[in-house]
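Each of the two complexes below includes chain A, the first together with chain B, the second together with chain C.
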Partner chain A sequence: MPERAGRRRLLTTVLVSSLALVAIAAVPYTLSTFSVSLVTLVVAAGLLAVSVNMLAGELMLVSLGQAGIAAASAYGVGWAVGQGYPLAGQLLVALAATLVVSAVYAGMSLRTSGIYFLMATLALGMIVYGLAFRLSTVTGGENGLAGIAPPAPLRQSWQFYYWSVAVLVVVMVAWTVVQRSPFGLVLRGIRESESRMRSLGYNVAAFKFAAVMISGFVAGLAGLLTVWHSQFVSPSSAGFHRSALVVVMVILGGAGRTLGPVVGAALVVWTEQVVSTHFERWPTALGLLLVVVVLWAPGGFVGGLEAARSSLRLPAHSRTKG
Partner chain B sequence: MIAVGEEAALTVDRLVKRFGGVVAVDDVSFTLRRGERMAVIGPNGAGKTTLFKLIAGELRATSGSTLIFGADVSSRSDARRARAGLSRTFQVSNLFGALTVADNVRLALLARRRNRWRPWPDASVRRRGEAVTQALASVALEHRAGVRVADLSHGEQRQLEIAMALLNEPRILLLDEPAAGLSEAERVVLRDLIRRLPPDLAVLLIEHDMSLALDLTQKVLCLHNGVPIAMGAPGEVRADPTVRTVYLGRAGAA
Partner chain C sequence: MSLTTLATQVLNGVSFGGLLFLVSSGFTLIFGLLRVVNLAHGALYLVGAYVGIATYTATSSFVLGAAAAAGSVALLGIGLERTVLRRVRGRELSEVLLTVGVSLVLADLCLALFGGDPKQVDVPSALAGSVTLGGFAYPRYRLFVAALAIALAVVLYVLTQRTKLGATIRAGVDDREIANALGVDISRVFTGVFAFGAALAGLAGFIGGGMLAILPGADVDILLLALVVVIVGGLGSVKGAAIGSLLIGLIDAFSKAWIPDLAYFTVFAPMALLLLLRPSGLFGKAA
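Right, the complex of A and B next:
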């Protein structure tokens, strides 16, 4: 009996993922260029939300300044493009900027937890925002940096779309593997009790540092996708508004759920870009949606779907038993 | 049989801990030898848990030093002291509540292994699984492997608390009121568990239950308001007039 149920579950998984793959692949063939660009925006925002969800899910650390890391990476590329560096040089500068800023965030995570990490990252995001304004010789100040095109083979919107999806999928699959690893288990142990982990002899600080660095690296990737997508970066990309919106994505989609951040990104970007054309007060709409989710579906959209599915399945299960 | 060696496992030298105006631990010194079992007794607020925290490195001492097998660890973190062979249980169970019993045990086993950093799943799932099952069997929790620790009974949590401290392969074990809140039957199990600990393991035991403490140890330290008021063989400490007034006078008179 359990064997057959296992086989049925495997079949469902294979079926659902093939359908998802077909849908993902079909996007450039079926949608307008504008819509493809919009979906790419969802993917890039989703990747940033994934980076927040990594820490939120495994360590219960919510970063309210994640856009600061993404912006560091974007400014890195933008500056390197301005210097006339080749692609490899651009990527190296972006990586260096990402790692330096992430290391500051990671250092902060060692001294704080819970609400204090939230406030610390909020402040760090503000600092990045302020620096983007002040260091105008590097960042272009208020005007930002423009003309940051992706490498030639990714210039067409469909090319860039597939590339972005590939990055997102690789990151999500890799993180799912990490979650099942000893390293992932250690992070959850730290989430549950830092003092117990220390008394077992774990170097808690090193693990937290590593986790924030990994999350920062993913945020940097998201920054890269975003800046290549809009070909432009300005201080607002590091702003509090962006960071907060990313956290909203995670909560709406379902914190700690693998697909949560991407679903949340789709909801937020759709509201921001589509609803806003019909309804000027779209932030109000988003706020209402957030209130509804927090009050009635704390697991977010994905959590809600899971609950609905299990409540649908339960009666069927009891029928086979009775 | 427990063989108390000559070698000093744990040396505490003139430890003092002040919290503002309160002196929680006031000039405590003793030596625990390899394989020796010693009890720390004293009324509520005597400073027993604080003394443990100083030894484990969770708190920094105001003054004084702690040595583990001759090495001064006073300035080392709690994690480094743990890696030096010191293991402890907590007065209030401190477990990974949202994780399963098996994952709790797995974390205790991983602590000393290099592959705790590995970011992909263990290839030798079966081998690791066996180690976990074995560890669970040692505290009769193998049938609870998949249960969330928060859903365990109080007694089971206390047992897991000790099991995890032991999985760390310690040379010195600090037990903070392991019998707190246990039923009479569970106490008997616990007493056996402590008796069956490896003979060369040095054990420091905080216990309110006088008979349990005196039964399991060869040496007793009695604290009162942070001050060591008596130290010696169980019989001597029990007979000590100061101890009788501050401690036994209340609980042990019956």
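Right, the complex of A and C next:
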């Protein structure tokens, strides 16, 4: 009996994921260029939300300044393009900027937890914003940097779409593997009780530092996708509003759920880009939605789906028992 | 730097610090008792500013404008605490996220109702103009803001340290459960303190309208400054908020004069440094 149930579940998983793959692959063939660009935006925003969800899910650390890391990476590319560096040089500069800024965030995570981490990252994000605004010789100040095109094989919107999806999928699969690794288990142990893990002999500081660095690296990737997509970066990309929206994505989709951030990103980007053309008060709608989710659906959209599915399953389950 | 410019910068710092204290004292009071990081505090400031300006324009009474700003935002605070925040009491992250949602809604509604053009409070003639202080002129209104902040600090000190209500609030800060068990209706105290903190934010918005432009985005700016102040001073400590306000006000004034390129950085960097070295702030209790 359990064997058959297991086989059935495997079959469902294979079926659902191949359907999802077909749907993902079909996007450029069935949708308009505008819609493809919109979906790409969802993917890029989703990747940034994934980076927030990594820390929120495994360590209960909510970063309210994650856009600062993404912006550092974007400015890195933008500056390198302005200097006339080749692609490898651009990527190296972006990576260096990402790692340096992430290290500051990671250092902060060692000293703070809970709401203090939230406020510390908020401040760090605002420092990046302030620097982007003021160091105009490097960042272009208020006008930002423009003309940041992706490498030639990714210039078409469908090419860039597939590339973005590939990055997102690789990151999500890799993170699922990490979550199940001893490293991931230690992180969850730290979330449950930092002091207990410390007395078990784990170097809690090193694990937290590494986790924030990994999350920062993913945020940097998201920054790269975003800047290649819009070919432009300005201080607002590091601002409080950006970072807050990313957290809203994670919460709406379902914090700690693998697919949550991407679903949340789709909801937010759709509200921001599509609903806004019909309904001017979309921030109000988004704010109300956040309040409703926090109050009545703490698992977010994905958590709600899970709950609905398990309540559908329950009768069958009790039948086998009885 | 001449003595006059030095004195001007010091006064700029002190008066801006005064405004920061009006905002951050409410923020820190709310955190001290309810343990809520109210990220909607900036939005409350903005609501207060707009309501105050509208009332002031309609009645041409500065006092009525201030009263309307404080009163309307206090009512808003009561509504928020009773209907929304109460449901997730004690779950820190949920509380913070709720206030983020509320701030999105409030800021957007302000934009809908009052538009996006910068607004300012036309200071009444009694507070307008400048006073001559030992050879240089300084805006009278900025001195008024500094004086108001000092008066508020005194009132808050007397209220919390010398009255029965203050003792009740301090008891709630130290140990909610025991205070409740001793017969204090702690839930009513919670609502009261939240309303009072909100009223201070609303008042600060109207008063700040005489110094700074009121426009969409001003809510985030002032919220971030208030956050810096209370983190430097220590979350929950009114004394910390006072000293933090003065410190950040002065840093802001001098960095704007000396290194305008890094004005933003110089305010946030001390906060990051302090969080790294002493996360509980100058006067905060260790977490």
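In the analysis below, the second predicted complex is superposed on the first by the 319 of 322 C-alpha atoms of A that agree within 3 Å, B and C clash if a C-alpha of one lies under 4 Å from a C-alpha of the other, contacts with A are read in each partner's own complex, and residues count from 1 in each chain.
Criterion: contacts are C-beta pairs under 8 Å (C-beta built on N, C-alpha and C of every residue); 3 or more make two chains touch, one makes a residue touch a chain.
This structure is a prediction, so every number in the text was calculated from the model and none was measured.
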Partner chain(s) touched by A:His241 [first = chain B, second = chain C, both, neither]
second
Between chain B and chain C, more residues of chain A are touched by C
Pick one for A:Val138: touches chain B only (first), chain C only (second), both, or neither.
neither
For A:Tyr129, using the defined touch cut-off, is the partner it touches chain B, chain C, both, or neither? Pick first, second, both or neither.
second
Chain B versus chain C as contact partner of A:Ala103, first or second or both or neither:
neither
Looking at the overlay, what does A:Met197 touch: chain B (first), chain C (second), both, or neither?
first
State whether A:Ile251 touches chain B only (first), chain C only (second), both chains, or neither.
second
Is A:Val177 touching anything from chain B or chain C once the two structures are fitted on A? First, second, both or neither.
first
Once the shared chain is lined up, is A:Val186 touching chain B (first), chain C (second), both, or neither of them?
first
Taking the stated contact definition, name every residue in chain A that is touched by chain B in one complex and by chain C in the other, in rising order.
none
Footprint of chain A on chain C - complex, ascending
37, 84, 87-88, 92-94, 96-98, 100-105, 107-109, 112, 220, 224, 227-228, 231, 261-265, 268-269, 271-272, 275-276, 279, 287
Listed in rising order, the residues of chain A that touch chain B in the complex are 177-178, 180-186, 188-189, 191-193, 195-204
Can you list the residues on chain B that touch chain A in the complex?
56, 58, 77-80, 82-83, 87-88, 90, 94-99, 103, 106-108, 110-113, 115-122, 164-165, 168
Of all residues in chain A, which touch chain C in the complex?
60, 62, 104, 107-108, 111-112, 114-116, 118-120, 122-124, 126-127, 129-131, 133-135, 239-241, 244, 247-248, 251, 280-281, 283-284, 286-291, 294-295, 298
